[in-house]
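The next block holds one structure in the form of structure tokens; read it before the comments.
Per-chain numbering from 1; labels A, B, C, D and E assigned in written order.
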Amino acid sequence: MDLATLVGLVAAIGIIVGAIVVGGDVGLFINVPSILIVVGGTFGATLMMFPLGNFLGAFSVALKAFLHKAEAPDELIDEAVELAGLARKSGLLALEGQTISNEFLNKGIRLCVDGHDPEYVSRMLSNDINLAIERHETGVGIFKAIGASAPAMGMIGTLIGLVQMLSSMDDPKSIGPAMAVALLTTLYGAVIANAIALPIADKLAFRSAEERVNKSLILETIRGIQDGLNPKVLSALLKTYLPKSKRGEEE
Amino acid sequence: MDLATLVGLVAAIGIIVGAIVVGGDVGLFINVPSILIVVGGTFGATLMMFPLGNFLGAFSVALKAFLHKAEAPDELIDEAVELAGLARKSGLLALEGQTISNEFLNKGIRLCVDGHDPEYVSRMLSNDINLAIERHETGVGIFKAIGASAPAMGMIGTLIGLVQMLSSMDDPKSIGPAMAVALLTTLYGAVIANAIALPIADKLAFRSAEERVNKSLILETIRGIQDGLNPKVLSALLKTYLPKSKRGEEE
Amino acid sequence: MDLATLVGLVAAIGIIVGAIVVGGDVGLFINVPSILIVVGGTFGATLMMFPLGNFLGAFSVALKAFLHKAEAPDELIDEAVELAGLARKSGLLALEGQTISNEFLNKGIRLCVDGHDPEYVSRMLSNDINLAIERHETGVGIFKAIGASAPAMGMIGTLIGLVQMLSSMDDPKSIGPAMAVALLTTLYGAVIANAIALPIADKLAFRSAEERVNKSLILETIRGIQDGLNPKVLSALLKTYLPKSKRGEEE
Amino acid sequence: MDLATLVGLVAAIGIIVGAIVVGGDVGLFINVPSILIVVGGTFGATLMMFPLGNFLGAFSVALKAFLHKAEAPDELIDEAVELAGLARKSGLLALEGQTISNEFLNKGIRLCVDGHDPEYVSRMLSNDINLAIERHETGVGIFKAIGASAPAMGMIGTLIGLVQMLSSMDDPKSIGPAMAVALLTTLYGAVIANAIALPIADKLAFRSAEERVNKSLILETIRGIQDGLNPKVLSALLKTYLPKSKRGEEE
Amino acid sequence: MDLATLVGLVAAIGIIVGAIVVGGDVGLFINVPSILIVVGGTFGATLMMFPLGNFLGAFSVALKAFLHKAEAPDELIDEAVELAGLARKSGLLALEGQTISNEFLNKGIRLCVDGHDPEYVSRMLSNDINLAIERHETGVGIFKAIGASAPAMGMIGTLIGLVQMLSSMDDPKSIGPAMAVALLTTLYGAVIANAIALPIADKLAFRSAEERVNKSLILETIRGIQDGLNPKVLSALLKTYLPKSKRGEEE
């Protein structure tokens, strides 16, 4: 499980709430109509941009940002090199009984074992990578859309409040509090965008990039196995996927 | 029919109108000259950017955002695999009498049946895909242009109002209401951009991407049929177009 | 002639002027030093970015946005298919006497008739397309530069006015009018950018894209004629350049 | 020499200074600490982004924006066609004694004369083009960095001034002048960015693009000479680099 | 060691601090809750975007911006040409005992000496280059994220302060100081972003580009050695990596 997202969320929101609590009257910052206009308007606008299914799916996708952790590339490499060694020693069919933890690697190996044409296997796995990226981009796009709509809806709310306040400035004493309320929607929009939606969008994009790198590594493994590459050579090739500090002694 | 766009639009506008109604005097927010300057100025600027035909066509294109729903890829895949099976069993000509629901698939199949050169068929369908994308981009571009012009025209309206107000501040009591009116154009611009034009632009872009994926899937089908690909293999290849949850049991 | 640009310009400027006139004193909005600082500063900055020749040429280029209209692709297609039919029936040389309305098509046909190498013809026409795009981008770039400089110069003018006003606030009555004047440069900058320069830049970019599509269509025609493509097949290929509604009955 | 940059700079700065002088007290606009914070802060931030050598080099690069003028493509074409004619008539070695004004063309011709492999010559010249672009981008980047930092530092200066002013508002009379001073850094930042740094960055980028086009033209010339292309054909090919108005009568 | 980053940082921060000190009461600018909200909120948001490991690693990466200096390309070229000469004279194996200062060049040479397939060596080194760029982009991305979050958190802090201030404007005297405090978070956010995080991000990106150029140079060297290229020819090819002023006399 990846704790950073959760810790970051708790820290960011906690600090903002803390600053409010320390300042005294928390009630000042809670205004139901203001919450409705920002949250409702943002969801409305986002719903216009994406089909209902994708919109609802985005929240289960967001969970991935909290729970999911990409497999470590070095474990993948160990597994890949082992499989390549086995294939070279005992032939491709020897891979049939192997338990392979990574789903994508498993799929690739099964395609090899089934004797498919290497070019077809390559195309199939590349397709899979490219189309997964496209699907991930929709998830990222929904949170980016929320991050763009929330401040805009916050500004719309503030403008409405200002117009109402400016139209009836009979009592100078009421100007301050009225303006405070008007500013709340801007505050809500800024918090939703910068402390929730945009960071989640960035984390999902990061996860997608990580997954893409892992899948490229696997694609390279499958090609190596099909070409009967020496496991040592394959290992050296795959180690370029690791930062220098994790490569161990390169020989 | 795709309800999300309509529901989203009603929700976003409804919430904004609600916030105004709850605040009291709705009349404060209706100012015909302000509406004219934002709506008219935006349409003028957009008309400068695009030819009249495309500009008028954009509104029928926008309807697509409300009504159109791309065909589900899994239905397309079923149809494609069936056609590939038929072609493999009884030859390409057997496809002649088939009723094919998807227009683009139908066109591709007809080109195959007519015995055109595979490379020519590929080029023709690719052309069709690329040029459709370009046409869609114009539609998206018009709504993006509206979304960029409306806030600018709103700001211009507010500046005009501010200059008029500031030049004659004899009666301090009139400052507030005059400024409220000046802010209305900014409000209109923000609503038009963020609750109408930009979300429609995004939905159209999403639809265009969806259509492109479907057409790529069909192009891959046509190539597979021309190469006499095994329907099972084609099916596996096409299933990469589905998210994992919809792939069913991958054999 | 393309009226949309002119109609749009008149509408946008007319509405802004109308809002000013309706508000009363038009004189408030005319301030020669403010006009000088925005217009002069913008031209100075733009002149720093582009050579004098391109800068002056941009205004004749802008006329294109008002007067020029790209040839309709369907007329081009009719002409192209006719030429292809003639070439197939009576040989390439039969094209020699033909009057061809489109200059680029004419150039391509002449290159074919002169018996140049197909690859050379292709390279020559592609070069022509790519370099024309690059030249158009300079025209677009100049209006985009004006659209970016004008608001910046407007802001600089307003800052100068504010500093002068704030330094001598002896007479509270003069604050309002002084601030009104200070805001004028911001208003001018916003109008120049959003109602004139940026829409013209966008129209020029649209025209350039249209021309590029037409030239690609012609390049495809020339290749088809050189390959002796069946005119019916060529016609079907070229019709992908049209939106579905204009394709007529696709046979 | 290219006067546009100098004329533009003088015009932009002159108009801004003029607006200040016309307004009366010039001294209001000169505040040494404000100048220090914007200029010093901007240089500090830019120095963090680029190594010292590139940073100092940027100013000699900027001189290029004032002094340098790319060779006119039509002169290059004349020279290229002449050389191609000579090479075709009397062989490549006849080019040995030629005086060639353009350095890059000279280098390419020498590589041909030395009998290097055409592919190697191509790679060498392409390398030269690509790496020169990359070096130019650093120069452009430094001025863009200045253009981004200056307004930020201006805003920081204004915030510091506002905090100081707001903390001690005992004398209402001092508020105006104090705020005027606070705004000065914003004004300096806007002037440095919009009237100096960003236009220079754009001119350098324009020069780099111009140089790239000229070098591509030369690369095409060298390839033509190595292939023994007919000078007339080469001339027609190179004329695509000129705008239509400068192509003369295309035969 | 590269001093520019350190000098720039000290200058930028020093000038800002200087402006504060000169203005009088330094205490005005130190507010612990404001620091907490900006620094804590920024770190929280950044932590949501990147995994903990990368986040912590970013600070050791930032040290690179202060300490690291890319090897000068001209020294690399000298070494490369020498090795190529040796390989040509005495065969690839003669390179075995050589001490090679650059790690990446060393790795490439070892792969050649070990007799690996040239295509494999190329792929391995290209992989290494591309994946290193991707890892560097994460480092750049973290500082860019800090640079985007800090001003947003500063704005959130200011909004909270404004709401609190506006809700209780009983004592007009307290408005100024309260607003001064509210503005502090905006100031902190602007300083963190523009004087620290964004310049470091840019320097890291610059270093990454520099390293990429060096590695491309080395890749070209290795290919040259494998092809048995004449050292003079290789030297001329590699010198395209240097700016003209450093190429010495090109013969």
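In this section, a contact is a pair of C-beta atoms (placed from the backbone, for glycine too) under 8 Å apart; a residue touches a chain by one contact, two chains touch by 3 or more.
All of these numbers come straight from a predicted model, not from anything done at the bench.
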Chains in simultaneous contact with chain A and chain E: none
Angle of rotation relating chain C to chain D [CA atoms, steps of 5 degrees]: 70
Whole-Å gap separating chain B and chain C, where each centre is the average of the chain's CA atoms: 24
Separation of chain C from chain E, taking each centre as the mean of its C-alpha atoms, in whole Å: 39
Chain C, residues touching no fewer than two other chains: none
Touch list for chain C against partner chain B, complex: 2-5, 7-16, 18-20, 22-25, 28-29, 65, 69, 173, 176-177, 179-180, 183-184, 186-187, 190-191, 193-195, 198-200, 202-203, 206, 209, 213, 233, 236-237, 240-241, 243, 250
In the complex with chain C, residue positions of chain B that touch it: 33, 36-37, 40-41, 43-52, 55, 107, 116, 120, 123-124, 127-128, 131, 134-135, 138, 145, 149, 152-153, 155-157, 159-169
